[in-house]
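Here is the structure we will look at, set down as structure tokens.
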Amino acid sequence: MAIVLGDNRYGKAENRLVRVDRDGDEHRITDLTVSVSLSGDMSDTHLTGANDKVLATDTQKNTVFAFARDGIGEIEDFALRLARHFVSTQESIHAARVGIVAHPWERLQVGGRPAHHSFARSGAGTRTTRVTYDGERAWVLGGVEDLTVLNSTGSEFWGFPRDEYTTLVEVKDRILATAVSATWRFSVDEADWADAHETALATLLDAFGGTHSQSLQQTLYAMGQAVLEAVPEIAEIRFSLPNKHHFLVDLEPFGLDNPGEVFYAADRPYGLIEGTVLRDDAPPAGPAWS
Amino acid sequence: MAIVLGDNRYGKAENRLVRVDRDGDEHRITDLTVSVSLSGDMSDTHLTGANDKVLATDTQKNTVFAFARDGIGEIEDFALRLARHFVSTQESIHAARVGIVAHPWERLQVGGRPAHHSFARSGAGTRTTRVTYDGERAWVLGGVEDLTVLNSTGSEFWGFPRDEYTTLVEVKDRILATAVSATWRFSVDEADWADAHETALATLLDAFGGTHSQSLQQTLYAMGQAVLEAVPEIAEIRFSLPNKHHFLVDLEPFGLDNPGEVFYAADRPYGLIEGTVLRDDAPPAGPAWS
Amino acid sequence: MAIVLGDNRYGKAENRLVRVDRDGDEHRITDLTVSVSLSGDMSDTHLTGANDKVLATDTQKNTVFAFARDGIGEIEDFALRLARHFVSTQESIHAARVGIVAHPWERLQVGGRPAHHSFARSGAGTRTTRVTYDGERAWVLGGVEDLTVLNSTGSEFWGFPRDEYTTLVEVKDRILATAVSATWRFSVDEADWADAHETALATLLDAFGGTHSQSLQQTLYAMGQAVLEAVPEIAEIRFSLPNKHHFLVDLEPFGLDNPGEVFYAADRPYGLIEGTVLRDDAPPAGPAWS
Amino acid sequence: MAIVLGDNRYGKAENRLVRVDRDGDEHRITDLTVSVSLSGDMSDTHLTGANDKVLATDTQKNTVFAFARDGIGEIEDFALRLARHFVSTQESIHAARVGIVAHPWERLQVGGRPAHHSFARSGAGTRTTRVTYDGERAWVLGGVEDLTVLNSTGSEFWGFPRDEYTTLVEVKDRILATAVSATWRFSVDEADWADAHETALATLLDAFGGTHSQSLQQTLYAMGQAVLEAVPEIAEIRFSLPNKHHFLVDLEPFGLDNPGEVFYAADRPYGLIEGTVLRDDAPPAGPAWS
């Protein structure tokens, strides 16, 4: 028996990059958190401390900011540029992963008109990407985070098995709320990323609202199916959906009924529903998710 | 010398109340975090443990949910109802403070139309109130939290004194960004709260974007002045404005210029600018802020 | 009616300062978050944008780090040095407030012995201070944060009034848990700060554990009284005590009793008990708490 | 092409369970966050909304609390009991994963002696486990989280490649700090879990402090190797190590040197070093990590 080094990677995480595009009539801003992770021939630094194959994480950070000088474009493309750069310029780096979270901003109204250079952070969903490049090909993920949605009716939960620990009452009308975290895998590495994102997001929200739901699982599948039907370049979509429980408050002790109106929003514990919807002919995922 | 009990208060904090209004063609939701704090003749419980004057915090929680049964209305009114209830029904309670944070939601589009019962959390500013009632009169605060705004130009900072520890370079064009936390004090306890809030918020944002700024302090004052001019019922406004620094990245080592385009968004430390703008004939604040 | 500038202050918040003392046989580390806040003759910057009286917050940050070069000592003394510096060197600055949070570390064992230069963050309470200096005198606060404590018995809550919204059951044995946030005001600006802190903290914990409690208020008072009795330089102590509810789980549906053994630890809502214990001859607090 | 359901699981996350053991001379407390995740024959609920195979997450929660009635024991064993229960009692459940985080508490001193029933939360590392059971065998992970450690010397970083984006200066003496997140895989499902945890943790800390380090990667490997050498039941260990950068402050502008004494602790970005150390004859990991 010997002890050996297994999978490993390293990088600079959470580079907070803001770019102002000033060339048009109006300023535009891009606000990103960029994380880089590299892997390759890294035995030396682990085993002997020799760092001649270790592109410093500080250098990775510098690269992110320097590359932004020429413009960022769509985050999927920016991640692709960065990932390809690291692998193609450093012999010891065999794969690169670049993750980006794009923080949304809205243009303010100033003096009754869209402002030239003033913005407010908006909160309806954060666009994400993760690109993996191994020297030969690239895998592109897109997605959305922090997208909290709620149906105030159109949700049921009943017919579940009852064992000796089951006390839950069946319900034909409840609030269904979740913070959608969805990541989709593209089967391509070139696309109209902005359009694909917009379509996926709108479709997902439409399916959330439009599904009369017997379980959050059913809603998950409906959202996934709708996105795959709407965006041909997406091969697979993965969801992590916390069930943000809203409990009907028992007002009987106070002589009041409660016809589905007053709820207590609970923090913990919460249901957690995770699932994948994919095309049966989806190409292999390779290292896309690892 | 003796040891004595000083100021004290107690209550139930962060009651997470969600109400669904179902009576119209469309559902409406109200999502609040309600905190109650009571004070009065509380020596016994501190000194001897006798609790006959201590309305249980659990009871306070129940009251919040029970009162929601009849509808919530504007959060300022809901806080007033609750505060008055506790003081008028409990002899030992001499003052009540009710703070409410209203989490914003937007109606989703489903099938191309505004949804009947589907919503997404939005993030552009959270409305707040705090009401204090002492058995005779009520003080009402309104406000906004988590309102992150940014000007990508129109901000300077220069002319500051230079001592032996000063290294900061003067700058004629910078990003100005802050997370506005503003609280305003009404001189009245009856008003069109929704309209006052909407006007204050729009005015504040307009002033943020419309002020060519030499310092965040100048912007603070401009926002306060504008709100006071726009909403006669507001006597005073207090701001806490973290200066969310965006540092221009030095790209020279990479042979690149950086004409105000690529920035690093820093976390800590941050400037913190706090200030009050008020009418010179503002009525006394009493316990409104305590 | 005119609109005027009211109270205001500004500064650099959350400077993350770590100092290594290397001169002894063993390294020692001091890990602080230092926040500076200055006030004075600041009308110009608010009203006209002229910054000639505004010592830049960047300069404040530099000063914090430069002052650490000579050693930090007790945090109360470091805060005093900084506060006096800003007021005495800047004519326009009339008052300074310096708040410090000291993050605790423990020395590791390495090879069976106390390590020379290796440490782990520990979590049992964070020491704090806040010093206010107005050019003539200084007010010193000490305190502790993030000190979560629990009694698994010795706590009751009964005898409280019952109104129409009361459903809480009286209980003669419960878990009492809180995250102590305590701030004490010294009547002096010179003391053996380390000893005072250690004594106050140990006394407070002793009183928490040693009090058979009818309410968290009673425990609050007992802790305050004990600290005041143990540390003569402390004139007043203020507590903010969230009641971290632990609810006994009803196991009857599963045919099990639950004799005070299995609890559910709730997040929100929570009771919040705030109170002050002070000497009846405590000197005026001045701006210490403002 | 058809759209199909892929991997999925569901469960109740973050059940906050506190147990008081009262049978001895002294109370003991166990404070856990327990997360359950089940998978199996779940097509129906996703595709048609039929829930007859969906053991409710509420039932899972009840089971966690009910099982605690008989005592918890070591968290690995408690997770094993729960995981086996779900798979063996529910035909449709083919695999269960139970994750537990154990929040550490220390006994207080009261009246100069170890307290009977009083405790304070301590912060030096949180013990974790994750058990996966598939009906035939169980995989057990142990680990530690939130273990922040620092070496104030004994760390270098130099000899790294320099490309056009490299500006980092080589350094022969720096602070090395990280928040250790380590997860180890046992090759057995029965062991003296408490002893294994204690040995792994002490060994890991000893290796952190005892390694003169050329890179955080080298320290990672040293910690992993030491744990594997010390605990024969551990087959593999995975680390996620944020490099918590401490930058030496340049005090030259103030006429001061800085011989490794005054540092600025940065938040973001941070290096992130991830790696695995394992035995070359480690048994297959199966679903242990998935």
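Note that the chains take the letters A, B, C and D in the order they are written out, and that residue 1 is the start of every chain.
The rule is short, and it goes like this: a residue touches a chain if its C-beta (ideal position, glycine included) is under 8 Å from a C-beta of that chain, and two chains touch if they have at least 3 such contacts.
Which protein is which chain? UniProt says A, B, C, D = Uricase.
Keep in mind the model is a prediction, meaning the values are calculated, not measured.
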- Task: Could you find the chain whose CA centre sits the greatest distance from that of chain B (Uricase)?
- Result: D
- Centre-of-Cα separation between chain C (Uricase) and chain B (Uricase), whole angstrom: 23
- Query: Any idea how many Å lie between the Cα centroids of chain A (Uricase) and chain B (Uricase)?
  - Reply: 30
- Cα-centroid distance, chain A (Uricase) relative to chain C (Uricase), in whole angstrom: 38
- Residues of chain B (Uricase) that touch at least two other chains are 15-16, 62, 66, 165, 167, 253-254, 267-268
- Message: So with touch defined the way it is at the top, what topology do the chains form here? Options are line, ring, star, complete, other.
- Response: complete
- Message: Could you list, by residue number, the parts of chain C (Uricase) that touch chain B (Uricase) in their complex?
- Response: 1-16, 35, 37, 42, 45-59, 61-63, 66, 89-90, 157-163, 165-168, 213-215, 217-218, 220-221, 224-225, 228-229, 236, 238, 242-243, 268-281
- Message: Which stretch or stretches of chain A (Uricase) touch chain B (Uricase) in the complex?
- Response: 15-22, 27, 29, 31, 62, 65-66, 68-69, 105-106, 108-111, 115, 117-125, 147-154, 175, 202, 205-206, 208-210, 246, 249, 251, 253-254, 256, 258-267
- Message: Which residues of chain C (Uricase) touch chain A (Uricase) once you look at their complex with the stated criterion?
- Response: 164-165, 167, 253-255, 267-268
